[in-house]
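Read from first to last, the chains carry the letters A, B, C and D; within each, the first residue is number 1.
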Amino acid sequence: MDTKLKNYIVKENGDIILNMGPQHPSTHGVLRLEVVLKGETVKQVVPHIGYIHRGIEKMCEYDTYKQIIHLTDRMDYLSAHMNNEAVCLLVENALGIEVPERVKYIRVVLDELTRIASHQLWWSAYGMDLGALTAFFYGMRDRERILDIFEESFGSRLLHSFNTPGGLMHDVHPNFQKHTMEFVKYFRKKLPEYHQLLTDNVIFRNRTQGIGVMSKETAIAYGVTGPSGRGSGYSCDVRKIAPYGVYDQLEFEEIIYDEGDSFARYMVRMKEIEQSLNIIEQAVDKITDGPYTAKVKPIIKLPEGEYYQRVETARGELGVYVVSDGKKFPYRMHFRSPNFNNLFVLNTIAKGHLIADLVAISGSLDLVIPDIDR
Amino acid sequence: MSGVIKYFADILHGIKTLWGGMRITGKYFLSPKEIVTQQYPEIRHKQKIVYDRFKGEVIMPHDENNQHNCTGCGVCEMYCPNGSIEIITKKIPGENGKMIKVIDKHIYHLSMCTFCGLCIKVCPTQALAWGQNFEHAVYDRSKLTKVLNKPGSSYKGLNKKKEAKS
Amino acid sequence: MHDRIYDFSQLTHHIDQALRSVMSPTWTVITELVIIGLIFLGFYALLGLFLVYAERKVCALMQNRIGPNRVGKWGTLQTVADLIKLLTKELVYIKRSDKFLYNLAPFIVIVASFLAIAAVPFAKGLQAVDLDIGIFYIIAVTSLGVIGILLGGWASNSKYSLIGAMRSGAQVVSYELSVGLSLLSIVIFTGSTRLSTIIASQADGWWIFKGHIPAVIAFLIYLVAATAEINRGPFDLPEAESELTAGFHTEYSGIKFAMFFLAEYMNMFLVAAIATTLFLGGWMPFHIGHWDAFNRIMDYIPSIIWFFGKVFFIIYVIMWFKWTFPRLRIDQLLKLEWKYLLPLNLINTIIIAFIVMMGWYF
Amino acid sequence: MKSNEELIKYFTELLPDAQIQEGKQFVEITVALDKWHETAKTLAQCDLKFDFLVNITAVDYLPKFMIVCHLTSTTTRDFIVLKTFIEDRDNPTIDSLYDIWPTAEFQEREIFDMFGIKFNNHPDLRRLFLEDDYGYPLRKDFKDEINMIELKN
């Protein structure tokens, strides 16, 4: 190996370099971690990314604002709806479009359903990372119910490009409210099983408690947001600190744990599922009749200037930064993706742990690689 | 002494939590009714497996006279973010000898489609719709390029125009 | 007498007599060895296939799935199809690996598990060799398998394999102690290491019932330690899919991988068989005190069914462990052994010795 | 949380050299290139404590580059925008903010990858997504000869 290319690695005699990924069961996608090991102890983690870089930011410069929506789906595919909403909110705020009340509540319900689905998938995958393979199937089984609700209303299960600047692409299915409430009822029954199977398990606790401790200062310095940040005792829920949509009219708690270890990050997500169920219960009743979209011109042109919109996805704060030159295409579009920042804290918090802990830590950060690569 | 008690308490607590997890898996082991697997190729014949709004592919509905709603205006082509729609128009002689522009081929590249639904939403004459077919596997990539208007079909509005005029 | 019906020693005796009448004693022994070897080979293959199928069905049911259901009725031939696939797969050779050891490793693993079957008493009179030191023979032979794992991991010239193999070494060396000690408790009870004697001593009650709580503790410890020793979840650290992709057999493919795979399941069977023999009365039927009618009904169930029933129950429990628990970390694994299992086991052994000395057991 | 007027007043006192105006949403502070690091440090240590670098990215305004930072304070929740311009197109360099906000390390690597802007004092300036000999794709004058995308109007 060319030593010049590798000067970022600090290697002593007797250390081994282990490449985890890009095809590795626990990196959840095409992330490659170059790990320097002393025995089984991790000395340094160097993430290598870019295996699925698609140049979404460049593509956005050649797409109209309505066309951009479907690209944002493909960044963090597990919080596709929140990504859509970020762009839509940005355009709506820039143009001063007043979105109908019905749309706002539908969006909140969808946000929270997406969040639950994302956390369920994460729970499943985290169980699998730690070797509890059955957890994977239980999580997937319950997630299927949400995906069915999505499929019934929008026709697709994961990337439903359902938002459009000004409202929704089309109205939700008449059964949407009923099925959502059925799901909430069903899932409230199943959630205790999740805790019994994994949360309370002594092996699971030993594998996560005290592992990968991220102090509040580290979290802020590295820009870690979302459940991973809140597990470090630092309030960073955009829904609370810069409310968008109708989040300021709904009652929910921001879950904060002070421990900063993998278990705290785990618990934040599990408690967030409960909060999301509460939000859905409140919001579903408030979906009033009305139009599903505001009147928007067929070709959207943002006034010249810079815009920034923050939303809370399932993984943290997504920022959309748009520079408009008054044309129908954005001049520059940048996404501040939560996973990008969450990934690079890995080296700091995984140092000194065992290689099995590295899996537990990177799992607890809940990384989605397409969001990092964009 | 408290250390010894804690030592055994830890063991008992550990066994208790482990047994809690085993109860869950044991419960599901003994209740085969909870199985959620759908046996795919067989289930197709028994029940509908996708919802009505399922985005399988873009289709162009034709009525019994082999007529469709597409005017060939090209809005869908313009809106498509991936260039998966190509519209080829032709000119045919219409009423009083004037040439009218009509659709010749509405080419749809399924392989490039991201199912964003913009073409269907923006179509001024509702000529496009979602089809529920999802079994798109083919042996040759070129087969994924489809012509949506059937051969010999014509624009529905053309007759209406003629009727209105006459 | 109903005991006679299911006694295999008459059958084997007849075969022995027949062979002796046609050839010299030396040739008889050789022929018998060959016959037994062939029977065990067939048994080994069939049992491996069945266990793989059983594991897949058990885990599928626990996970709300159907499991294999395409090949044959209820997917029963699925494992046969898998076997054919594995047999026809290409054997990948790694550059700069130690060819000889790399090829040798799967055979060591499989031979170790194969050797141990010889001493397993399947039913009344159905035991290939009844050694005086039966238990220790089995313990010694099954732990040979780890040499194969170490060799395979080292010779593969892959870091994942190496880490997996080293973990396996540490794991087996530690858990061997607990396995040995918990088996020792039964040896103390019976005063013999001969498997047939141990079984005979359980005619009036299995050791798990006769031995009071210490025997139950020894049984539980044995179950945990044995699960760890055969590298099954939650102790599957040498393979640790999410960390080491596949651990020591990362670089093996085709039939060589199948050998590791088969050996794992055979080890599971062996462990269950030992537990059955020592704690659950081997092929002895279930008897309750003086309920003669009940005991008689139990006697009419053939001993081979008793044996396999108990074995499969223990195998099910081991599978249940695997499909419920998360994996331990290597330091926790060793901590569990040295901090919890071993001290408990030592205390337990002393208690048992005391019980035996005072004659407080049935 | 302060209103934009209050923030403008506050920053006019704090940063006399900077050019402060109200943008579409937030207060925007534009500083000269050589004051970049110094201003960032002042902001991180001022009373409002802008300790959280939300986002740092670049925009290619032909022929100059703009580096833009979105900063927020985790205590007061104020949100501001910090900007500077790089005139030198052939060899654009700027000070790294790595020592103030460690998260800048990787976001700056992304900027280096996409725009070719070099950061002084950066600990590990390598390409992040793309190969070493690839161009700088987010520059407006970038042309990919193989996969040509042309703007259709």
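Here, a contact is a pair of C-beta atoms (placed from the backbone, for glycine too) under 8 Å apart; a residue touches a chain by one contact, two chains touch by 3 or more.
What you see is a predicted model; the values in this text were computed from it and never measured.
**Student:** Going by the touch criterion at the top, tell me which pair is linked by more C-beta contacts: A-D or B-C.
**Tutor:** Per the contact counts, A-D leads.
**Student:** How many angstrom between the C-alpha centroids of subunit D and subunit A?
**Tutor:** 24
**Student:** Between subunit B and subunit D, what distance separates the C-alpha centroids? Give it in angstrom.
**Tutor:** One centre to the other, that is 42 Å.
**Student:** How many Å are there between the centre of subunit B and the centre of subunit C, using C-alpha atoms for each centre?
**Tutor:** Result: the chain centres lie 52 Å from each other.
**Student:** Take the average of all CA coordinates in subunit A, do the same for subunit C, and state the distance between these two points in whole angstrom.
**Tutor:** So the centroids are 45 Å from each other.
**Student:** By residue number and range, which residues of subunit D touch two or more other chains?
**Tutor:** Where subunit D is concerned, no single residue meets two or more other chains.
**Student:** Note the residues in subunit C that touch 2 or more other chains, in rising order.
**Tutor:** Residues 62-65, 323-325 of subunit C touch two or more partner chains.
**Student:** Could you check subunit A for residues that touch two or more other chains and list them?
**Tutor:** Expected reply: 134, 141, 197-198, 201, 203.
**Student:** Who touches whom among the chains?
**Tutor:** A-B, A-C, A-D, B-C
**Student:** Please give the residue numbers of subunit A that touch subunit B in the complex, ascending.
**Tutor:** 63, 66-67, 69-71, 74, 134, 141, 144, 148, 151-156, 159, 161, 164, 169-170, 173, 193, 196-198, 200-203, 205, 298
**Student:** Help me check something: in the complex, which residues belonging to subunit B touch subunit A?
**Tutor:** Interface residues on the subunit B side: 13-14, 17-18, 20-21, 23-25, 36, 50-51, 53-55, 79, 81, 114-118, 121-122, 130.
**Student:** Can you name the residues of subunit A that touch subunit C in the complex?
**Tutor:** Interface residues on subunit A, with respect to subunit C: 16, 18, 24-26, 40, 127-134, 136-138, 141, 197-198, 201, 203-204, 206-207, 354-359.
**Student:** Where on subunit A is subunit D touching in the complex?
**Tutor:** So the residues of subunit A touching subunit D come out as 8, 49-50, 53, 55, 57-59, 62, 93-94, 220-223, 234-236, 241-242, 303, 305-308, 310, 317, 319, 321, 323, 329, 331-332, 334, 336, 340-341, 344, 373.
**Student:** So in the complex, which bits of subunit B are touching subunit C?
**Tutor:** 11, 18, 21-22, 24-26, 28-29, 32, 34-37, 39
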